[in-house]
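Two complexes follow with chain A in common, the first pairing it with chain B and the second with chain C.
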Partner chain A sequence: MGIKVVERHGNTFKEKLYLPAIFAGMKSTLKHFTKNLSDASNIPTICYPEEKPTDITPRYRGVHRLTHREEDDSIACVACFMCATACPANCIEIVATFRDDGVDEKMPAIFNIDLLECVFCGYCVEACPCDAIRMDSGIYSVIGKVREDFIYNKAKLLSIKGISKEEYSLAK
Partner chain B sequence: MNTVLILLPLILTILFSLATVPILVWMERRVAALIQDRLGPNRCHINGIRLGGIIQSIADMMKLVFKEEFLPSHIKNKFYYLVAPSIAFMSAFLTFMVIPYADNITINDKTYYMQALPTDLGVLWFLAFAGLGVYGIILGGWASHNKYAILGSMRATAQVIGYEVAMGLSLVSMLITYGTISLNEMVTYQSQSFFIIPAWGIVIQPIATIIFIITAFAETNRAPFDAAEGESEIVAGYHTEYGAMKFGLYFVAEYIAMAASGALIVTIFLGGYQLPYLNTADLINNFELVLWLIIAFAVVTSLMFLKWMKSHNIYNTSGLDEKKVYATLIIGFTAFAILLMSYYALGFGHASAVGVMILQFAIFTVKLFFLHFVFIWVRWTLPRFRYDQTQKLGWNILLPLSLANIFITAIVVVGVNYGN
Partner chain C sequence: MKIIVNDIPIECTEGDLLMDVLLDNNIKIPHFCYHQDLGADGNCRMCMVEIKGQKRPQIACDTFVTENLEVSTISEQINEVKRSILELELLNHPVDCPICDQAGECKLQDYYMDFGLYDSHLSTPKTKKGKAIDLGCNVILDQERCVLCTRCIRFTSDITKTGELGIIGRGDNARVAVALGHELDNDYAMNVVELCPVGALTSKDFRFKQRVWFLDSTKSVCHGCSRGCNIQIDYNETKYSAEKVHRFRSRRNKQINQSFLCDYGRLSYTELNEEFIGGISHVEDLKELLKVDKKIALVSPSMSLQQLSAVKEFCRNNNIELFSLPYIDESFGDDWLKTNDMSANFAGVKELGINSSEEEFNASLENLHVVINFDHKYLKNKELKNKKVVHFTTSNIETNYELVFAIANFAHDSGTIINCDMIKQDFYTTKYKSVHPRLVELLEELK
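Right, the complex of A and B next:
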């Protein structure tokens, strides 16, 4: 790598006149203006409630969901508390209980996520050893009238469907 | 008729300055949006009628009017603090008083001036009040007792001192060219043409035009010379401590000052209310032909607008069906105007003087709105000049240039008039 000499601009008479450059800039903005005025369909703005965003991918971190086991459709979570430990916002509340059906040893009796506390960092998904919690629901608007509406419990989290093809937990 | 013609320019002054502010705010936001590939405000509506977003700026004004007026407790000179925005507003508003909206009209051997203040000292009035407008900014910044505010007002002061000189000198060269300081006579001068070129100020004095337009931007504190409010550096500049309608007055004053500067640029450099090649006498003599041309123009533009609206007004709001309302209004209004105009065009009535006056108002309005568009267009094209660049441009370039321009103009004018 040799020494790169950067060309200095703004010293010629034409550049010091400013006006040619200003008119060039105005021409460029006018081009945008006339193009958008004659055909508004090129404008990338989304008129939100009527038009929905089209760029929600499976990797988009939306509202959490709890996955099911492929064999018997039961909850995949084993109440290991990894997600609650990883959570920087401390928004996950888990109460563990014994599992009597022989599928596994433990499962959560209560699994609450306070979405008002949640920062949607995705650490819980990273921490989960069972692929039991995911954020691939694609839900970006969480609506409620009282604060309690934003605390999603186990049943609610289990009922949310993902937008990726992998519907069940991939953990073995 | 007498009272109406005397009051008309006053009413037009209020219309052009106050009533256009919501439209200017809307234009500013919509043009900015379209330049930046966005849509701009288009949601606010009254029973489904959005007027393309103008309702949004009316709502904004309402918000400013009904907001709580509070006085920061650290302000010691409450009188100056409160009076400053009104100075900015009043002087911007008064600047408009001398603009001729149409040629002097003679009815029953009596001449009426279409200026709110029928004075021959129009240019001096403009310079005086355009300069005074900055006092509102300076006083507001000082009385706010805030470092950002005082920095903003200091910048405004230095900028105005630098640019007012060049502005005055570029006007002097125009006064030498026209040989008059009456704004109406200047417009009359511009109705003649040299060979095939209309003798507009922009054609005969291009350098003075450029200097005046640049200084007008600086004088009204518009971008790229809006260092006084430079929000990226000094919060909001001179109006940091102002809220509610006190801020609203500053906000309105900026737009009125812009409108007044635009009106003066139209009057001095863009032929005022004149059409190229057609002076007032020509228009009055060929009034029927002019009317037929206007009728054709009205039909074509309203059809084009209807077609444009059909493809652009996509989202329906609740309430009335907006597109139907507009289509009815446009078709109805165009039909009414055409009927009225053809009544006169077919020779049933004679109102050519008043008709030409209305036509000249319309021409003036179109030119003024073009100038507003240019102001907005420049604002959303150019970044803000750095403070030292502003000073350098004002003192080192514009001032010598305007002096040289006066010198050359004087030589040419003396040389041309030498034989006479």
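Right, the complex of A and C next:
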């Protein structure tokens, strides 16, 4: 293994010493420590999960959902694999199939997202040309007893509702 | 003789087609209708180049080179020409790339990125045409995506001479179609899928199975018959499944198959996905069995020269009588690519002097006890009473054989084979390792 030489940052003598910065940090930590120790009632904590957080923004990336088409409520996804291609965690499994209901030519037969592998980066949503996958479900806690509980399949993803007003895919 | 392309001199021969010279020298020249094995038609106008001394841009697929011809393929003006032609080409195009199987290897996509990048000027709705029309022979036509290059039509009229396809309608309404009441029907039909530069013709067999950018590609040679057509094996391994071959595509070889394959060979890739999954025997048991005196072996004539030599040596060392019978199907061959000899390397069998007489084989078989079968199909339906049969196999077979050794198939092995015209060709192994050993390695172990 090679040794990587890292250039020392800081120009002034004080910065080069580097201990003063450590003590400055420790000072701040100790300040909070004594303050919280003397008055525990002011520490901002909640009893999760009984108590829900109130400060989550609407654009928080929640669990994925698959959108529907406005005309007939069918699946908007056309199994183009763009999301799976963009996904850095490689956690989306798609198997495409013919679609014979006249709505479109192609749809996913299988669409699984392994949420234990997902890093919630949102690249899949960015990549989708059909606005078929979204992370606007508002669901931030996913609970399960076995690993399989965390693999969300097509039916499950289609059943999740969005908290935004846009229920359907906006793609044309 | 030399010509000058984009200020760089290029060597060529008098009478060469400018298009071929550009393609052979890897100079980017967009084109839809020209194909090296179908010739020029001059209908798409994508291959425009600027030629010094000529007033207007000329098409490279209909220009023959002359001494000191000065050509520009990259000037501002010529790019503007290409952009306009492409815009016209895409005017009514549905651009349904997400559901189009050609996405990723589509010339429209490529050229749009190279020269296009404009906003649509169309103010009226796009002209609608037929989608997902089943033409027969595994070919599906999407008329909206077609750029009317007529490659598919020229293939059926000039090459297979069956003439199923044509263009009907004019202008906006022109579309490729089969004659009423007919369907695409010839042994080479699936070539049109590969010839189509866009996603208008797609293969039912491959459709929607994989996106092409997930596939790896390896140079190989088709093992379907003794022609030895050059192919690319397209395969991949996904997180959720082991390696799988998804299609064969032709690889250009002027001497053998140009750019074509027969449908039988093209679809023979499925055999490569049938690897043996049963219990595997032990080398020690075979060594024990080899101590018996009367032994005979039969080796598949589709094996590579390397495999055949290893088998031959193994048989010599163990005192085994070796045969290899040809696979002949009189109904298979035709006057073009397909041959009646349905093995890949029977010429190699002959070159190595392996006995291929059926009578002698059957006569020997009568009074021998141990039969070693190196992946030959001949013994499949044969009564083999009171004999111990050892089988080396590349596919998943029903067996009641004494010993079975699974070996890597030709996608997982590399080697050399000789085709019916005595042309020696190499094929290569895919990127992923087979779970089964190569025959040559296995025989090495038996020494």
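One rule holds in what follows: the second predicted complex is superposed on the first by the 126 of 172 C-alpha atoms of A that agree within 3 Å, B and C clash if a C-alpha of one lies under 4 Å from a C-alpha of the other, contacts with A are read in each partner's own complex, and residues count from 1 in each chain.
Convention: a contact is a pair of C-beta atoms (placed from the backbone, for glycine too) under 8 Å apart; a residue touches a chain by one contact, two chains touch by 3 or more.
Here the structure is a predicted model, which is why all the values come from computation and not from measurement.
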**Message:** Let me test your reading of the model: by the given contact rule, A:37 touches which partner, first (chain B), second (chain C), both or neither?
**Reply:** first
**Message:** Quick one: is A:140 in contact with chain B, with chain C, with both, or with neither? Answer first, second, both or neither.
**Reply:** neither
**Request:** Could you say whether A:97 touches chain B, chain C, both of them, or neither, answering first, second, both or neither?
**Result:** second
**Message:** Applying the document's definition of touch, where does A:19 land relative to chain B and chain C: first, second, both, or neither?
**Reply:** first
**Fill in**
Touching chain A in the complex, chain C uses residues 97-99, 103, 131-132, 207-209, 211, 213-214, 239-240
**Item:** Contact set on chain A toward chain B in their complex
**Value:** 19, 22, 25-26, 28-30, 32-33, 36-37, 40, 42-45, 47, 50
**Prompt:** chain A touches which residues of chain B in the complex?
**Reply:** 31, 34-39, 210, 312, 314-315, 377-378, 380-382
**Message:** Per the contact definition, I'd like the list of chain A residues that touch chain C in the complex.
**Reply:** 78-82, 85, 90, 93, 96-98, 104-106, 129-130
